[in-house]
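One structure below.
Lettered A, B and C in written order, each chain numbered from 1.
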């Protein structure tokens, strides 16, 4: 497809999009510079994956200890629930824009911004997951002489895995979705294709959308599998 | 790479976003923007709050229509799955996939089909709500005690009567809880509707993406809207379940 | 009397299993009778009961209500004509008590005032304050909830009542109360009842006729409680009824069936000399303190009588207070429980009717009168 054709088409076609993913082509805007192609696509996808993973890791590092501790002690339910609700209310575009303006652009700063999105679901689910562990199991563990830390690690956490993983999955999906608009803050993810039609063309836009969707679905699928792996057989056998 | 993105931004904006009222008074905004350390210019906010009127109304419209449509579809699907058990797994997976696909990507995947504009945004936003409403409706129905259903059937309620007079009312708390989560999420997500040309509070944000007062105002309005909707739905839930109030009061 | 419910080779098979849950059941329940289906768990008694209102569908055979086959009725309409009471009660949590009771009348399209009147009538009938009509089930105790369950089942004046372990989830004290009250109710309204239980004692207490079942819903014996206790058909029935058959006979009698002893009565402020005079030659060696309405307050001891006048506070507490309507077995249990030698018996209005003791009971059981009376004990003792 030539550059001239690109500017005349109102929307991209799937065929064109797929071609865009794999074959680099010249763009009309940047004076015939090559855009698209497998290398760039993969690079952008990896960047999106990278920032997602980092942000989720950061969210977990902050939210898990707090959520698990509060859940184990049984305090702060109002806080945990309110945080979960509030977290969902954060407007993604405003968050990215605001953080970019305040703390700056770049991978590091965007990671921090995205982790803000991830903390509420992980914290709430960590709290709830621990709370809904059968009290009898916890009592028995205490009675056998386990320390509080041991109870948390060996009894409560394994039993809370399904709820915990659900929270982590939710956080991941929210983060990878918002990472799509990270180009607004200087981190070039697949959103770059989508947000810059004039550079990448309609085909590029569609290509970006397709790859982002595939990336998100793959992540979700992988995490679902991971959850199944981590859930002990005993829990899985329960009639859900 | 970053400079390229910075260049691309203003170019991408041309002719893409809806109402562009900031450009008229750009000199005023620049005077506030001239002071980069000021996070929030209160005077500017006071003077210009009216500019957010239209985006706010658009935002409310986006959310309301998306939620209503999403609820209608998800509820219908849940009723179907309640009757025909084999539908449960595929529907859960299907609505899950729609939830997983990032909205921005969804907007542009819909582009060849529905073009730019509010409809695209609404379709994508509705699709996002399907999973939570569907799942919560199913859970709510599943939590109806078997003894209540047994008694109902044994007394001569038909399947349909049992569903509408007993099961659904008892599932209301769970269903409304799902609706609340969906609504709050949609309010937040609707800020991205700007990328589909759908308007909303994302418009002012994207138009002046480095102007923090603007971001705080628009973002703040969105968050307040989310909280307001949440509380309204909570109120509706309380009103619709007098028996739970009674149990709480008496116990 | 025409049979109200008749099973004709009724069979229920689940899936493709060769063994039937209910295997060619043949049973006739007379109108106005309580027929109890009793047996070990899994014997098919609940399944058999549910065949009547088609909450379980027949595989083969038929069930006839008033001569009409249930197969030919629309299930939903059929069920609106049969009362249905289950163990877990199953009141609709989201509806008020009144709305719950009104369920079937509403389905049948009754007018609002007729429903309201009927609801009030029924709530009173099951011993509940009609004011409770505006409350929700969660605000009632288990015993109260099941009363509502019974009221709800009776609302549309059904031909047949199906009751599946209705009092099973209630605590023992309230269970006894509910059983007694249901029997009183039955005496008033005379419904045809199919009552399922696994408790032989409850069966004997409640049933006009009892069908003892083994697996496959096979009836080992179908007889009156008295016949069952005195003439068990085979070893299975004997084992199921229990080795304490003799004691179980006490379940067939009421306190009112026996002639009670008289206790010398004393009033507060009465001269103790008078009371002491009454004591001489009395059947019960202790005076009973009663109020102006002849309601028992307590027992007087030697110390009490040492004073000039009868004190207001008796030394010994009243202990177990029995009712004329109490089933003899329960009365004996209360006596033994309270470790009392004598127990005051009151009538419905709470006034003293006599005194019961373990001695009286054993004397009566040993007497020739008891033996002949038992043979004729087919009718439910009613007041």
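As a convention for this text, contacts are C-beta pairs under 8 Å (C-beta built on N, C-alpha and C of every residue); 3 or more make two chains touch, one makes a residue touch a chain.
These figures come from a predicted structure and were not determined experimentally.
Undergrad: Mean of the CA atoms for each chain, then the mean for all of them together: which chain is nearest?
TA: Chain nearest the overall C-alpha centroid, as shown: B.
Undergrad: So which chain is farthest from chain A, going by the mean of the CA atoms in each chain?
TA: C
Undergrad: Can you work out the whole-Å distance between the CA centroids of chain A and chain B?
TA: Centre separation, chain A to chain B: 19 Å.
Undergrad: Please tell me the distance, in whole Å, between the geometric centres of chain A and chain C computed from their C-alpha atoms.
TA: 64
Undergrad: Rounded to a whole Å, what is the gap between the Cα centroids of chain B and chain C?
TA: Using C-alpha averages as centres, the distance is 58 Å.
Undergrad: Two-or-more-chain contact residues of chain A, please, as numbers and ranges.
TA: none
Undergrad: Mind pulling the residue numbers of chain B that touch at least two other chains?
TA: none
Undergrad: Would you pull the chain A residues touching chain B in the complex into a rising list?
TA: Touch residues, chain A against chain B: 11-14, 29, 85, 88-95, 97-98, 100-102, 105-106, 173, 176-178, 180-181, 183-184, 186, 188, 191-192, 194-199, 205-206, 208-210, 212-213, 216-217, 220.
Undergrad: Which residues of chain B touch chain C once you look at their complex with the stated criterion?
TA: 145, 147-158, 161, 166, 169-170, 241-243, 246-247, 250-251
Undergrad: Touching chain B in the complex: which residues of chain C?
TA: Touching chain B from chain C are residues 53, 55, 76-81, 84, 86-96, 103-104, 107, 135-139, 149, 152-153, 162.
Undergrad: Which residues, counting only chain B, touch chain A once they are in their complex?
TA: 1-2, 5-6, 8-9, 11-12, 16, 39, 96-97, 99-109, 111-112, 115, 181, 184-185, 187-192, 194-195, 201-202, 205-206, 209-212, 215-216, 218-219, 222-223, 226-227, 230
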